[in-house]
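Listed next: structures, encoded as structure tokens.
Next, two complexes with subunit A in common: one pairs it with subunit B, the other with subunit C.
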Partner chain A sequence: MPSVVIHNVRELRERYEKVLVVGEGAYGRVLKATERITKEIVALKSIPLCSGDKEGFPISTIREINQLKTFNHNNVLSLRYLLLVSDTKEGWATCSRSEAYLVFDYVPHDLTGIISDPGILMNEASIKSYMQQLLTAVVHVHSFGSMHCDIKSSNVLVKYDGTVKLADFGLARFKNPNPNVTYCNNVVTRWYRPPELLLGDNKYNEKIDVWAVGCILAEFMDRRPIYPGSDEKDMCARIFSMMGVPTNSTWNNVEGLKLYRVMTSGIAKGPSLRDHFASFRGFVVVDLLEALLQIDPNKRISAEQALRHPWFSQAPEPSKSALKLPTESRNESWVKKQFAEQEKRRMQSHQQQMLRNGNRKRSIDTLNASQPPPKKQQKITNTVRYNGHTITNTIH
Partner chain B sequence: DLSQIPPGHIFTDKEKELLLLHHMDELRNYGTKLQMHQRVIATAMVYFKRFFANNQIRDCDPLLLVPTVLLMASKIEECPINCKSILKILPSEFTNLYSMQNIIDCEIHLMEQLDFNLTIYHPYKQLELYIESLHLENDVALVQS
Partner chain C sequence: QIEQLQLQEQKNPPTGPYLSSMNTDITPSTRSVITDYMVRVCQNFKLSDNTLFLAINVMDRFLATERPHMVSKDKLHIISLTSILIASKYNDVNVPSVDQIVKDCEHDREDILCLETIILNTLRFTLSVATPSLFLQLYFQFWECDSLIKVMSQFVCE
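Showing the complex of A and B:
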């Protein structure tokens, strides 16, 4: 992967033609742009270089670059270039005055978009293919002793031909060979967080990614996220009501986890996973789902074992072209736009409703016009004498 | 002593080698002062050598590069240290010339020069296994330190 250092912003504009902003988040922005020379469409991910504290190049960015340079797999979104744009005309690129961009191939769809588009009809062959590709990518990542830490449907991109690309290694990190090393507990987007993270574990391992993959499989089957918890407590309630509250006998040392007591109190028993997917009764896929969404990380299967699951060798064979994907991109920002439009339409219809109600009221008013109009309120004037000055309060 | 060298002096290979050796020593000293892991210091040394394999000594002051490679290596090896704490242990001849901002600016330059190839593979794990296979249990702890 060549890194290109550009020494001013003008050169950046000469290289790339900005098309639109695709995503925006805590990390920065993702731009869709056209490379002027090759006419290829790329995604530019801007990464912050200057964090507020004076620590130089942020370690998270270093991790991301490091990870991306390590992986080389068809199902992992690869880095084309690294751009360092600096405003200084000559000399070194400096931290305070520069921006860095990661340049990727532009991939139009992601799983959030595909799953939530009602116009796309899912079939088992394509779901199987997407899951298989996703799992191969995860196996590849894990084989380097790395954890992705942010697998979710919007980070799984899909090309027009159905090739899956795992993206966004902003939180990914290499595992330390020392098992006593603790990691930051605050990783993974909430709906895809596994129980060990929700219970405050900070010595987790790569099995957290497997849970997230399980959540995506459930999302495929249900066409909506399986655990859309509104906060950590709600997440726990949703998971444990389905799976049962873990105890030391079902999950070694779970009660020793920091948040065990807070999170497991007052949980009502709900329908089990198999009841939730009752329409899939008797299908092998539920076996796989159950193995992926095993609350005890030690009992949860690894990504490699999941790939060997009989579901993948059963008919129908996985086929990545079984699903016709639309030409416009179906991604997270599309879903958000769709959602916003829906909301707008609802607001509009609501307003119209209100307006109609208002009209009715007015017509009633005109009907009652024959009656004498209510008396105009009299002006009440309070005059207070204070130290010789007159203060007049007029109340209408 | 670098301050004695007249401007425009061209280093001979021998002198260059001596200079590198001297800075390797410095890196080790500072590293142990900062209680860094052996592995981090080794990574810092590789960065230092790689940088000057591609650059002339006059391109970048080795004095400035020393704390920069230490900072960089500590980040890559996942045991980040504070930039301030590095500054604290540096001698006054450094702090008179440079500030924290210089280190931070130099860091990007370093990454650029290393072409962002920042992962360094060390044979520590292999060495550990080798010593274990020789049944020298006492030395395993030494390697692990």
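Showing the complex of A and C:
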């Protein structure tokens, strides 16, 4: 990974032509840009440095770069360069304002986009291929004693040809050989956070990634996240109502975890995982899902074992080209845009209806009665479509 | 995992020849004074052993690559503190803030932040290196030593 020092912003503009902002997060922005000389499309992840009271180079970036330098795998998004844009002179001059950019290959799709686009019809061969590639990447990461700590569908990128690239190692870290070392508990995006983290464990291991992979598999089958909890307590309620509340006899020492009492109180028994996926009854894929979403991390299978699961060797064979992906990118920001547009349309029709009715209060009442919120509605159509076309025909 | 560490060690040898040949200002005894100081700072901030060893490794590698005329004795203080900051960011859950670290020297925070970028860039951001404490932890795990041996060997390491 060569690192390039660029001495001012003009030089940066000479090198890259900005196309658009792809994403924005706590760390900074992600830009899509064209490299002027090679004409290649790249993603630039910007990291602001040295500004006022900041703590200097962000911890997540330091760790991410070290992680990315370690890996060399086709299914892990690799770092091309590191750009340091600064007016720092050689030596000890102070820098007033500088910025760093991580340069990656631009990958158009991610699993959030693919799964939530109702225009894309899933088939089993492609789901199997995506899962297989994702698991291979996870095995590679784990083989270096590292944990990704933020696997979720929007961090799993997909190229036009169906190649999966695991991205965003900002929370990843190497495991300490000493099993008693504690780590930061606040990792992994909420919907993909495993029970041990929700219960306050800080001596977790790489099995947290396996849980997140399980959540992604469930997302493929359902076409929506399996545990979209609104907060940590709600997450626990959703998970434990499906899996049962763990006790010391089902999960060694679980009752000693910090948040056990708070998180396990007042949980009603709901439909089990198998009931939830009743339409898949008898399919091998549910076995794999159950093994990945095992609440006790000690009993949860490893990524390597998951790859050897019979589902992957059964027909249909995994095929990364079985799914025709659109040329426009389908990613998290696309989903957000769709959602915002839907919301706008709803507001417009709401306003029109109000004008037509003339009666403000009544129109709101009728609207509430006749139209469920848009997100929910879309989910229902997705599931129906999925039930009607794909499950019965293709998932075996 | 031992093999991985040994590989890492070969790739990034901990100490360059800077002590003897290149720099007249930094002698072996200066280095030992500054590492003693780093041990105390790390204890103060309650940082882990790994962080301490990584910080020393970062400082050594930086001094070995940087042209000698740039690093004089009076810069060594801030270099050692910045190395601790970098190592802690990489390793620890609770990282001391820049303001806490600045209190320990007569430079201001801008200097530390700037030097941080320079060191990271000079080392090409390589911080996943083999340190004595990582080797030790692997050995401990392998042989299940009692605590006396652990303490003794950690002491020798330091």
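One rule holds in what follows: the second predicted complex is superposed on the first by the 341 of 396 C-alpha atoms of A that agree within 3 Å, B and C clash if a C-alpha of one lies under 4 Å from a C-alpha of the other, contacts with A are read in each partner's own complex, and residues count from 1 in each chain.
Going forward, a residue touches a chain if its C-beta (ideal position, glycine included) is under 8 Å from a C-beta of that chain, and two chains touch if they have at least 3 such contacts.
Because the structure is a prediction, the values reported are computed rather than measured.
Visitor: Of the two partners subunit B and subunit C, which one touches more residues belonging to subunit A?
Guide: C
Visitor: Touching A:P177 in the superposition: subunit B (first), subunit C (second), both, neither?
Guide: both
Visitor: Check whether A:V284 is in contact with subunit B, with subunit C, with both or with neither, and answer first, second, both or neither.
Guide: neither
Visitor: For A:K69, is the partner it touches subunit B (first), subunit C (second), both, or none of the two (neither)?
Guide: both
Visitor: Touch check for A:F57: first (subunit B), second (subunit C), both, or neither?
Guide: both
Visitor: Is A:I267 touching the first partner subunit B, the second partner subunit C, both, or neither of them?
Guide: A:I267 sits against neither subunit B nor subunit C.
Visitor: According to the stated criteria, A:F144 is in contact with first (subunit B), second (subunit C), both, or neither; which is it?
Guide: Second partner only.
Visitor: On subunit A, which stretch or stretches are contacted by subunit B in one complex as well as by subunit C in the other?
Guide: Subunit A residues touching both partners: 1, 3, 5, 49, 54-57, 59, 62, 65-66, 69-70, 82, 84, 92-95, 98, 174, 176-177.
Visitor: Which positions of subunit C touch subunit A when the two form their complex?
Guide: Where subunit C meets subunit A, its residues are 1, 4, 48, 50, 70, 75, 85-86, 89-90, 93, 95, 97-98, 110-118, 120-121, 124-128, 134, 137-138, 140-141.
Visitor: If we count contacts the way the header does, which residues on subunit B are in touch with subunit A in the complex?
Guide: 71-72, 75-76, 78, 80, 82-84, 100-101, 103-109, 111-112, 115-119, 125
Visitor: Can you name the residues of subunit A that touch subunit B in the complex?
Guide: Going by the criterion above, the answer is residues 1-3, 5, 49, 54-57, 59, 62, 65-66, 69-70, 82, 84, 92-96, 98, 173-174, 176-177.
Visitor: Taking the touch rule as given, give the residues of subunit A at its contact with subunit C in the complex, in rising order.
Guide: It comes out as residues 1, 3, 5, 49-50, 54-57, 59, 62-63, 65-66, 69-70, 82, 84, 86, 88, 91-95, 98, 144-145, 174, 176-179, 181-184.
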